[in-house]
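Quick one: the structure is below, and I'll ask about it shortly.
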């Protein structure tokens, strides 16, 4: 068997593995989420199918496959069918670039499907491609609610894309590379980046909530306003695919956050004192962190109310964007002039920043909470857009 | 550690000033009244013009030669600033009637102007490209700014064809880079002089594509179709700006590229000669059949492009001075003529030629001024237009393009006919009531007077302007060193 | 990876098309409008605001894109670049201020 | 002094724009008279020597002017006729401010044409004279002036643009340091190139001569101009083609002019006879005069092209003085029109009521048809004499035109002035006050130089001699 | 490693397609898309040449061209939308109120 073929096979194998891993996670995440929410709202979740309802996801999957696949009359069939596929494809693909462990730790193979020097960029690019899925889905349904929902969600996603992109710039400046492994390596030397990029982390965290359309940013599926947003006309497996995409995105986001800000697949170094080399164990740490973040996702959903749409947009443009920019500039300034003092000033600066946010929270809320002056005529607006 | 660019801000001071003005206009537009913003803009332009003075004869450059503040650049920059200032002056009176009285107008104008300055100073294809695009994009906005069907439509046309032009231009840049392996004018020039035959076709293709791209920008036939629609569809003030500043800038770019970088490249000269001839014939013949004066001016702008392009044939040390002089004269004349239109028109459609009958008896001052402008455009002495055309002919002749010169001469008869038709109509007595806008417009009048006085003075004493640039040696280093 | 993921998606859809029952009926297939018959086309013009957001996104995203190479190479460039970046950001902020005052970011 | 002579009219015309209405006539008349006076004074001083200074050094364009014999003579005639025209304008046209300043502006152009000793400068003045002419037509013209205007302008431009190209070409190919005539002569262009350039130059001059194929603008121009022949006078003066050919053509393109001599002479002769023939059919005084002038110009051209000394002298003589009497005749026609209200040649019977007007007109016509003892004769005779030495046949053909001239002139005159005054026709006045001067001065000149040609010949002869000696 | 000529051929083809689109397409949006195609063709050849010559300047050029494309999209869409909202078409042929 020629060499390249072997490599190819291995890659394919890993790809399939990751995909199914993600899907399984998604399946059980739905279960976990429903039960956790139930617990937090003091009721029992689904517990009929199997012990503790462990077979529930399976049942859901089977049901959604055997459900009738509607072909909406007004819909643009091709796009209508393609949209969920695009969404899920992007979602699944994104994960493959994340290293789940040190090189060759995966039965002698590298624990990642593909490795690029521009890891983050690629990941952002792919995830943002998911917008196509949603927008096309909304548009192709040929119905009003989905159209609005799709528009809203795409607008929301691209808006928060900015915050996301900008918030990691400071981090990139520190590390000087965009490859995940370099970043992880940097963190093993200097410690978790969340310490030095607190603001960055906060902005990234928030925007990843918005990116994955989770509460409090789950406007696209705001039942009260537009039924189920872009999902309205979808049912059966296509609907399921969209759901999958959303949850997989969530998982990916968690993984990214843990990789960028929490040391990735490496455990905290001090644990080596107890069990030598524990921080080197592959996979575990990453999965652990992902799990933590997923829990936070669910927790937030159970806790926070949903924003109004105008608040959402204003929040993204008026608060998140400038914040991320400020963080970038602060880091730049530090690197230009305060580098001599070591890394701790950054941490202090980050803390101060967050503290300031909390102190001035009323003022800050004023930025996005209350509607400002509405502009008068749409053409003037289009002109402003042209500028 | 990659080497840092040298940051001597002095050479780019004019550009920076204009840019600052633009930013100021953008920001202050919310608080200040539009007129004051315009005045501010004019002041900025004056400052920038003043800042040209210390750079004269210094031959400075910045960013490793990406910006060259050599004399040609400065001369052209002066022309550009002049055109911008005239536009602003006219807009002071007419912008309100044209429903253009937004601070965005000034802001966009200044942005475009900074772009044009960048073109004039460019020492590098990338810089040139940036300047060109800053100019074009702002231009699209300017055309569309007046929210009317006409302006939208012309804006769309301008945009689509302009974008196509830029695309072709960029492809030409790519090919040129592929052939020479450098984007810097000096590098290209040196590569061109010692080129192995392998890259020859690539280079030729690149040069021709660049020519076509610029052809779109300066409206050389057959890339001129957008010109009449845009110039006549856009608000008159804007078409004033487009037909003066933007054209001058595009010619500055042409001069930089073909007079400097690609001077010794094959093929483009012949192509340019053919295009020039075509432009002269098309522009002049088409202009003869126009009924709307603004549209006529648009076509005559095309024709003038042909004459301007004459000066690009052959060696820059002969063409350069002629080109810069012609550009100055052209700017003044066109600005004055369009200013008169802007002052007298009732609607943005400009004046119908038949409505101009007897203008002399209703608005003697404007009529005489307009007649002088037309005479200058037609190339009648003693007005500056004659000297300019004459220099263009001479350049064409000296570089062995006699046939183009002859074509130009013949086509300029057609030009004379349509210019004179208008001029004569204005002086024919007419009993019908006035069709013009009567209102107080001092700034416009001032700019018209300025333009007319200037073209008369420059016609009688060309050395006032020509003497500054008539040194061959400053035109031989267009590519920078 | 993309192929695999896409493949999974396609597979799922195909399978369900094969296995799912087919009982189409007019009301079932008409666009959902809370049970009423749909009024007008589903693809009418939507508020110009969304165009605006798209354009703003393009512009600012490009700005971010410009930042990435800078960020990666930042430590190799030294303190001068800080000021370059600062001026760049300043220019961007001018635009930001403009749209802010224009009220493009206002939704109601 | 010469500069004053050249630019005084222009200044005056600019001044007129700001002078109060009631003083305009006086100012204009004074300016014209002053110009004429200066001219005469310079004549006494024996012309003005060459004055040369760089104008656009970078391009080798110089401002060099001189007024030697021929130029001086023509300039004087121009000044005189301008003066006359202005006087008549002041009398005839109501509120003539614009017309006066146009006339004066045009005078500067014309004087400049004669004085210029630099090819580009020549071109500049040549074009300068065009603008006022156009404006006169545009402002004071008749209904169909636009067509005439376009024709006139287009023809002129056609010529002058080609001329401009050939001017530039001459310097470029000859490698002369400047456009000054002396430099151009010093390093000429040889061979076929010279012929081509000559053709370019010729185009302009042929239009302004005018020569047969390029004459079409002339009748329309004269017909459409204001009824008082004032503008026509200036137009007549503007026919400087012959001078241009003499001053630049023969000197700069000797070989070419020799080469093309037969063709051009043939054209000129044909022009003469053809114009005379057409004139015979005219019923409008102005068209008639236009064609009459055209046929004279044919003779002039014959003389110039023949490159024969006698013929050239005669041609220039004729050129100078046909300006006088043709112009005067235009004014006479204008007077008739003022009285009768028409320019038709079928009015009839004026002699009975306006004897003096008729008499003067008649004697001017005699000058025009070359009756001995009047200025026309000397010119035409010596032209034919010289041309005969070159080519008898063409001389003969051209000679026919003089006879034809007698025919058309006398028949038209007869139908206008003799015959019976139609019944109920309005009574026509005789010459009014300034009209005496207007028609008298030209007539006096015509008679004086008819009987005593010495002074004029003294001006012309040496130049021509030098030219023929040096040039061809 | 693929030879540069291949890239150039591809970009040439793209460019040609774009040019063709500009000439034949009638809706403004399609024309605009063709223009973008041309731009990307230029980018492709720039990058290819940059690799062939082994220097980075051309890549910066690519960056700038990308920015251009973005800006053009912004403005172009603004204009097109403005027109579309005024009259229900962006067909270039129907925009003929300026003929003459």
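As written, the chain order gives the labels A, B, C, D and E, with residue 1 at the start of each chain.
Please note the rule applied: a contact is a pair of C-beta atoms (placed from the backbone, for glycine too) under 8 Å apart; a residue touches a chain by one contact, two chains touch by 3 or more.
Keep in mind the model is a prediction, meaning the values are calculated, not measured.
Think of each touching pair as a link: the shortest run of links from chain D to chain E has 2 of them.
Centroid distances from chain E, each centroid being the mean of CA atoms, peak for D. Chain B has the C-alpha centroid lying closest to the overall centroid of all protein C-alpha atoms shown.
Distance from the centre of chain B peaks at A, each centre being the average of the chain's Cα atoms. When the interfaces B-C and B-D are ranked by C-beta pairs in contact, the top one is B-D. Centre-to-centre spacing of chain B and chain E amounts to 25 Å, using the average Cα coordinate of each chain.
For this pair, chain A with chain D, the centres built from the Cα atoms lie 93 Å apart.
If each chain is reduced to the centroid of its CA atoms, chain A and chain C end up 14 Å from each other.
Once the centre of each chain is set as its mean CA position, chain A and chain E turn out to be 33 Å apart. Among the residues of chain A, those in touch with two or more other chains are 378-379, 382-383, 385-387. Counting partners per residue, chain B has 140-141, 144, 147 as the residues that reach two or more other chains. Against chain E, the residues of chain C that register as touching in their complex are 45, 48, 51, 54-55, 58-59, 61-62, 65-66, 69. Chain contact summary for the complex, chain C toward chain A: residues 1-2, 4-6, 8-10, 12-13, 15-17, 19-24, 26, 28-34, 38, 41-44, 46-57, 60-61, 64, 67-68, 71-76, 78-79, 81-82, 85-86, 89, 93, 95-96, 98-100, 102-108. Chain B makes touch with chain E in their complex at residues 125-126, 129-130, 133, 137, 140-141, 144, 147, 149-150, 152-157, 159-160, 163-164, 166-168, 170-171, 173-175, 177-178, 181-184, 228-229, 232-233, 290-292, 295. By the touch criterion given at the top, residues 63, 66-67, 70-71, 73-74, 77-78, 81, 85 of chain E touch chain C in their complex. Per the touch definition, chain B reaches chain D in the complex via residues 321, 360, 375, 380-382, 386-387, 390-391, 393-394, 397-398, 402, 405-406, 409-410, 412-413, 416-417, 420-421, 423-425, 427-429, 462-463, 466-467, 470.
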